[in-house]
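Here chain A shows up in two complexes: once beside chain B, once beside chain C.
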Partner chain A sequence: MAAVQADSQSRSGGRFLREKGMQKWRRQETVTAYLFSLPTIILLLMFSLGPAVYAFFLSGVSWNLLDQMHWIGLHNYAAIFRMPLFWTAVKNSFIFAAVVMPVQTIIAMIFAVIMNQHLPARPLFRLAFFFPSISSSAVTSLMFMWIFNKLGLLNGFLNWFGISGPDWIGDPRFALSAIMILNIWSTSGYFMVVFLAGLQSIPQNFYEAAAIDGASAFQRFLRITVPLLRPSTFFIVVMGMIGTLQMFDQSFIISGGTGGPLNSTMTMALLIYEEIFSYGNVGYGAAITVFLFVVVLLLTLLTNRWLGKPIEY
Partner chain B sequence: MKQVKKAAMYSLVGLTFLGLVGCGTANNSNSSQGGSTSSGKPVTIVVASWSGTNVTNGIIDQQLADFNKTHPGIHAVYRPISGNYETILKTEFVAGDAPDIITLNNGGQAPTFESEGAVIPLNSYIKQSNYSLSDFFSGALNMFVANGQVYGIPRDQSPLVLYYNPVMFKQAGISGPPKTWAELYADAKKLTNPAKKIYGIVQTPQEPRWAQFVYQAGGSVMNHNMTQMTLNTPAALKGFSFFVNLYRSGVAAQPQDVGATWGGQALGMGRAAMTFEGAWAIPYLQDTYPNTSFAIATLPKGPVNNVSLDFPTAWAITKDCSHPQQAWEVIQYLTGAGQAQWVEQGGLVTVRKSLIDMPYYKEHPIYENILKQLPNAVPWNFPNGFDQYVNTTLSNETLLAVDGKESPAQALQKLQSEGESILQNGGSQ
Partner chain C sequence: MIVSPAQKTWGRISRGLYLLILIVGALIMVIPFLWSLSTSLKPLNQALAYPPRWIPHPFLWKNYIDTWKTVPMERWFLNSTLVSVVVVIGNLLLDALAGYALARIHFRGRNLVFFGVISMLMIPFQSIMLPVYIELRSLGLINSYAGMILPQLVSAMGVFLMRQAFLNIPEEVEESAVIEGASRWRIFWQITLPMVQPTMLTLALMMFMSSWNNFLLPLLVANKLQFWTLPLGMVMFQQQYYTNWPYLMAAAVMATIPIAILFLIFQKWFIQGISTTGLK
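Coming up: the complex of A and B.
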């Protein structure tokens, strides 16, 4: 009895010692981990978080890059909310996101499902669809400027059907649509790959069971594929939304930086750039940046409530 | 054993930091090179401009190489800035790391840099070296003078002239380029063939392509001191309406209507019989469209005169320059002896009156009418604070008028009042 007690005591003492050792080891491990990631943390603070905080500060100053900046509080926000061009940019950005995001998601999903079948030359197709997303958007924008040219490829194609195509880039009614087409073309491929990865994780036996129960291919797609792809869909919707609301490069190149014709391709991100670097209103640009940040944050939180739940089988 | 492990870990962490610090020092050594003052070493002067054509870049490179040979104490280097020139310059001013010498541009850029103190007055240097300004075309020089201070020494300029396709003119039975507005309209009408997508005039509808019509009608965009908008006069409306009517009546088209991006390209593609451009279109047309023949005429005369718009640029010294004395020597060279080289290389048009008789111009008669137009040209300029007005407002209102969504009077009225409100706010917001 006594021997047993002594034994258990010594054992618990040993456990105590061992736990203390573990704690020390964990702490050391944590310190090491932080030390190793410190360079990255410093870079992140210097080049990502720091400038972001600085943007908040800049939204309260009057500054044209060359003169002395001075603090004017919330005046910039009042000014941008009274500016028609700002609301044009907000409208354009929202229309752009509302069209491009769903379309690219649906196209990506459909292509992913097709590419997941055992088709001939599958790698070739996958490459072809993925290629736009890894090519430079400056290059693809220039390419599409030729396609959308009044006498370009697209209108030449429409001519075969007796349709006299519009001036896609020069006409304010069509310029934004042209950029939408370009954007959908260039991003769908990337999201297709994300969906493809999601498709790999859906167990094959669900489909077999559904087939035995007599579900058609379309029913299987709608009842099994779509719901079980929700984690991928969530990622794609959030990334697509952020990407479309922040669309800058394609508008910039196609309109030559002006957001023209008649501000029809002026997006929020382009207006931020224009206000800061071309018009010399750094405060306005920073205020729009903060506005865009709040909008994207709220929409992401909303999407998270809608799509971010874990899958329940 | 433990100590060895510890040492290994710290050295690893140290190594990762080294990577970071390495980046830092590399940058530092780069930037300190620019303004090195160590005795004995030549002073480096960085000369910046927008990256032009191969021709213009090559000329500046060669001029600075020649300068460096004769000036051992100074090492001048050319740094072309590609992309959005003014934007990149402004960010370099924010970083306090602007080039020593920059090129000031027309269209309201020079007054912005001048009034914010980004470039320094050159009066004392001009006086001390007895540098004569009288040989410069006054229009080109005056654009870089504010309140009696000279901020820039003219580099090059070009007035707008009428480019036309003589083959098309011949085919249409027109003997020569139009001399008056009425002839311009009649010729453009004869030369237009919408079925073939050929138009009498192809031109981007923008202010620096219609302001000359306003001047030709006796009006102006702003008063001489740029303190008042003057687009609300009947003369301004007359000039602007004539320009808008060219499009409304179908004898003029926008470049994108014929698949081009600017008027010069449309002319080269054979889709335009006429366009208004500056000397920059000459090397472009010769290189890109060697099979399209083109000729140049002075502008057709309006009700009052045939004034053109001029687009001068100038060299200036920045406030960040730590060796303004040496920078001034570079500018003296570039605008003195360098000017003759500029002409001989077939770059842009000279800013010195004495050089228009140079043999180069005799051998290249295509420049003849550009030089003839020179004395009759108003520099294209706007005061500080007009960036958005020049970039966006002007083109938008012009486009609305050309598309028929606004009458010329409505468009001018808007331009007048928006310009007035910028002036009332003291230039910048």
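Coming up: the complex of A and C.
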């Protein structure tokens, strides 16, 4: 704005001198702007964009972190695509995302809508729901390992109903489900707050008009709330998808870093870690990294086509 | 609108139902924490009792002291604090500077820088852990505080948040200072930055939380016990030593306390942070 103003001034008398001053000022501004943003640009290039690009390069080498690197082109991709463990990890990550993302989104939406009903003790409820998402993954994973123990709290609870619960973490049929429950529990509250913010922006008169027309509460939820929450839903679905597809901490902690039992909790991110630290196979790890990028990018674009349109009132 | 008695009763029933659902939901959210607290106060044999019992008998507060003595909790606390505080300060300064430049200064390449930052919002750390690890390794930053701090020192999200905050301050505030020829640094530091203090608080809280809770970066960087942070230390304690659940839960409770206190005091700003980053 200041620049625009100075522009209009320069059109009046003393044009030449002013324009020269203007140019100097502009240059100064550019220098300042880069000085201000340089540390950020450098750090982001070093630790975010740079590594992303570097992963593409590393996916073409054979390297065990110690010896000389060899360029081997696309061989790493061919190798991981033939590796059963890779497909196990892909399958686990996808199942995990396909269950956790929709469930947490729906739970978050339902609780946000309920909490928006002017019920008493709202701040207290919000506190309770939000609390899991401020705790570290290490704390929540350890807490749930204890709860999921064969003789733990959850099975004690199931026992009341005469159900003899499984060994959640030790049984390959249940270990991934246990991590799903943990993740749904720990992220739903966070997304609920996002939905609550989205709900504030829906005009109240829509609901009043619909109520006068005789729409039931459920119809109002389905016909007004859900469609008008689309921007929040889009954000939550994308964030949820990225978060679940790259899940690492919980699998690592609960399986003791192995992805066990029987690779039932091996995820793509955990496999990348294993490729570096257990197998010393940087090229494989990088190829899986690139694969993960491409999957997340494609799914994000797809979601964008599905949910990303702006709302027209 | 005329409300019939039937509708009124129905309204009351549905409100009761909503409240019930909320209470059940809130209990599910809180019970794991209460259970950890309860376990942390039990003697080991009571903790392992089945079916589980809620109230410890006696309350064994000594578990906390024993945990503190058995594992180097003090060291992990110091490491976590050091890393988190530096990360918060770095983000406050650097994110604000870059956010200011992007919001206020018209310069060549601004759109490029802005879209670069936005695109980095989409790169979560898990997906670049391998190249980042190799980079840190070749820089000799494995087993160093710098290795745990530098990758978190700026955040694309923070730059974005600060830019939004600066855009919300009317430009007229700076106009007279710009015309008088005050330097950008002075305008930024003395006039505009003080006006975005609430956003700075939000950013500080979010960065503290993410750094305090970070597990993966310390896992990659710190192989030596003296560099472990709290989350890493707890997990290593569980995996390498033994499964004394009362001690583990005591450690978990202690690790959560600082964040819980911050959250209770500054709840409003936490929520605000989510609402602004989560929507726009």
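General observations
Basically, the second predicted complex is superposed on the first by the 278 of 313 C-alpha atoms of A that agree within 3 Å, B and C clash if a C-alpha of one lies under 4 Å from a C-alpha of the other, contacts with A are read in each partner's own complex, and residues count from 1 in each chain.
What we mean here is this: a residue touches a chain if its C-beta (ideal position, glycine included) is under 8 Å from a C-beta of that chain, and two chains touch if they have at least 3 such contacts.
Bear in mind the structure is a predicted one, so any value in this text is a computation, not a measurement.
With both structures placed on the common chain, the touch criterion links A:Asp249 to chain C but leaves chain B unconnected.
Of the two partner chains placed by superposition, only chain B is touched by A:Asn64; chain C is not. In the superposed pair of complexes, A:Ser216 makes contact with neither chain B nor chain C. Once the two complexes are laid over each other on the shared chain, residue contacts for A:Gln23 go to neither chain B nor chain C. Shared-chain residue A:Gly152: touches chain B and chain C both. Of the two partner chains placed by superposition, chain B and chain C are both touched by A:Phe36. The wider contact with chain A, measured as residues touched, comes from C rather than the other of chain B and chain C. In the superposition on chain A, A:Asn281 contacts chain B only, with no contact to chain C.
When the two structures are aligned on the shared chain, A:Pro261 is found in touch with chain B, with no touch to chain C. Common to the chain B and chain C interfaces on chain A are residues 32, 36, 39, 43, 65, 151-152, 257.
By the touch rule above, chain A contacts chain B in their complex via residues 32, 35-36, 38-39, 42-43, 62, 64-67, 79, 149-152, 167, 169-170, 257-263, 274, 277-281, 284. Put simply, chain A touches chain C in their complex at residues 1-3, 26, 29-30, 32-34, 36-37, 39-41, 43-44, 46-52, 54-55, 58, 65, 111, 114-115, 117, 119-120, 123-132, 134-147, 151-153, 156, 159, 185, 189-190, 193-194, 196-198, 211-212, 217, 231-232, 235-236, 242-243, 246-249, 252-253, 256-257, 269, 272-273, 275-276, 282, 285-286, 289, 292-293, 296, 300.
Chain C contributes residues 1, 14-15, 18-19, 21-22, 25-26, 28-33, 35-36, 39, 48, 50-52, 94-95, 97-98, 100-102, 105-110, 113, 116-117, 119-120, 122-124, 126-135, 137, 150-151, 153-154, 156, 159, 171, 174-175, 178-179, 183-185, 188, 209, 212-216, 219, 230-232, 234-235, 238-239, 245, 248-249, 252, 255-256, 259-260, 263-264, 267, 270-271, 274-275, 278-279 to its touches with chain A in the complex.
For chain B in complex with chain A, the touching residues are 9, 12-13, 16-17, 19-20, 84, 86-87, 90-91, 93-94, 112-113, 116-118, 197, 254, 256-259, 385, 387-388, 391-392, 395-396, 399-400, 428-429.
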